[in-house]
Amino acid sequence: MSGARVRTPATHSAFSLDPSGRPAPPWTTREWFGIDHTVQLTDLRGKVVVLHAFQMLCPACVHHGLPQAQRIHATFAAGDVAVVGLHTVFEHHAAMTPVSLQAFLHEYRIRFPVGVDAPSADARDPIPVTMQAYGMQGTPSLMLIDRNGRLRQHAFGAVEDLALGAAIATLIAEDD
Amino acid sequence: MSGARVRTPATHSAFSLDPSGRPAPPWTTREWFGIDHTVQLTDLRGKVVVLHAFQMLCPACVHHGLPQAQRIHATFAAGDVAVVGLHTVFEHHAAMTPVSLQAFLHEYRIRFPVGVDAPSADARDPIPVTMQAYGMQGTPSLMLIDRNGRLRQHAFGAVEDLALGAAIATLIAEDD
Amino acid sequence: MSGARVRTPATHSAFSLDPSGRPAPPWTTREWFGIDHTVQLTDLRGKVVVLHAFQMLCPACVHHGLPQAQRIHATFAAGDVAVVGLHTVFEHHAAMTPVSLQAFLHEYRIRFPVGVDAPSADARDPIPVTMQAYGMQGTPSLMLIDRNGRLRQHAFGAVEDLALGAAIATLIAEDD
Amino acid sequence: MSGARVRTPATHSAFSLDPSGRPAPPWTTREWFGIDHTVQLTDLRGKVVVLHAFQMLCPACVHHGLPQAQRIHATFAAGDVAVVGLHTVFEHHAAMTPVSLQAFLHEYRIRFPVGVDAPSADARDPIPVTMQAYGMQGTPSLMLIDRNGRLRQHAFGAVEDLALGAAIATLIAEDD
């Protein structure tokens, strides 16, 4: 069995699976929307996890990242793929509170669960805890975590649907 | 190992892999562009084959199907996936001759090989031979043929990139 | 001289200029962004005014209305056309505060002045004052006010650029 | 009365009306589609004329120019604006014959009349007569001719709908 070797078009950022990957860090969240309990990465073992980090006032997230996450959620079977949103606010903190996020998720009809990344213990550090743990460069960031909890892809910015669909299906096809 | 179970969004036509599939019929062509020899399906055994049937004056082919075939060609490694175009003219025959097709392929910068489907032996039948053999309903039609030459998907009309990337990668991941 | 008679395509809502129009109601705002003073409609007499009413968490405003208002601002000369935004919050009030709006305008790089519509004197009425005065049905709403302060067009929802550019130019071309 | 002064966005080519303009050259055509007689520019005196020059195998014409011409035809009243297509073949002559053009116009549902520009009297010159007379640089080219038959705008390549709608309405609003 061979995984999909995905070639990178010149005009797009590289998008290929890390053959092994490090264990994906756990999530540190402060509340959740769209689900009545805290979602832990370990709860999702056995599924491919698509972790979509965004800010509600980030234009690229609103125009590209979140609609793509919705398409992933609508395309793949829930038994194979879990789509999880993470609100990683690292700027304009007073403008993107959970109250505002809740209205945003309602208006944009986001169907998958969204956790709020926990603020740093250091009050002077604007970067929230999970964003820091994953070393995300900004929003939108997309992370693919395999059935065994390993971080196999981490992309910042726009990713094409065709390559992303291929990457997710390759992880689904892997033996546990 | 499990293949991707692709859920169908309500607004799109079903797109899922046939678990076994019948042997894909051979191609009957009359000339080729973009390559200096006739391409037979049997030459491509071992690769996943994306067969894209189109007409040069079909708006949905020009706006959706051909750009998507170009993206597939640019995204997947040539060792894994062969993209092949088939010009299946079933109407306006005098308007879509090989001379016109050649200029079209040049202007639209089509990079993959394109064969011209052979006219029916029955001069009164407008449907060309390969189109008939596959039972295509019209253009654009997209067919996915696995490494063993079996027809695993046959779609008429628009298909979403995400589901299509997943279907191709699932075929790539299958054991020979 | 004849104004442009704009025909309505079957798939779009009617978009044509009221030949006379009633005087546009004054604006009642509580603060402004992108400008250091309150903008009154009377200050703009002699220019064509494009009043764009929106909510920062309204998807159709973010995807269609605001980008269109930006294009109007970038296309027409400031001496001819004044583009003015109005934040008419009528739902999710706690989520769309001026603090959130300020970050939104920064992130979406809105270049024209935006006023915050004043809340109703009746605390039980969610509709703000100017929205009520104009009888707006929702967001996005687009109003065209002529050089003499008369309301010549009032559209709710999406309007095509071609017809809108024609309507604005027709108002510019009118004698004062 | 002042005409619309249209500012040029940094990312788009200049698009503004020539205040006077030279008389638009007559058209030299060899056949017409979508109408049962030859259309002369002089027949259209009193209307604003939108002349859209294209080639059926030019991707920018198919993706941008022709859909825009269709929108103009659907938006403005026939008594104000005449949209006329001109097939100005200057390359791949054998591929873009009238037979192919007719099927193209049918498939793309072009609703306005289209004339075929006459080949040059000099058989070695690939540029057809009307294209030469107007000094067009390529396809798509868009020309706006006022009610008095003067050429007021001549653009090569993509033009934005908003500015184009404004330019057409400005010409409509001019006194005869």
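Letters A, B, C and D mark the chains in the order given here, with residues in each chain numbered from 1 onward.
The criterion applied here is as follows: a residue touches a chain if its C-beta (ideal position, glycine included) is under 8 Å from a C-beta of that chain, and two chains touch if they have at least 3 such contacts.
For clarity, every value in this text was computed on a predicted model and none was experimentally measured.
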Item to check | chain D and chain B - chains in contact with each | outcome: none
Next on the checklist: Taking each chain's centre as the mean of its CA atoms, which one is most distant from chain D?
Outcome noted: A
Next on the checklist: Taking the mean of the CA coordinates per chain, how far is chain B from chain C in Å?
Outcome noted: 48
Next on the checklist: Nearest whole angstrom, what separates the Cα centre of chain A from the Cα centre of chain C?
Outcome noted: 36
Checklist outcome for this item: So, in whole Å, the Cα centroid of chain C is separated from that of chain D by 33
Checklist entry - Where does chain C touch two or more other chains at once, residue-wise? => result none
Next on the checklist: Applying the document's contact rule, which stretches of chain D touch chain B when the two form their complex?
Outcome noted: 57-59, 62-63, 92, 94-97, 99-100, 102-104, 106-108
Item to check | chain B partner contacts - residues on chain A that touch it in the complex | outcome: 1-7, 9, 68, 71-72, 74-77, 79-80, 160-170, 172-175
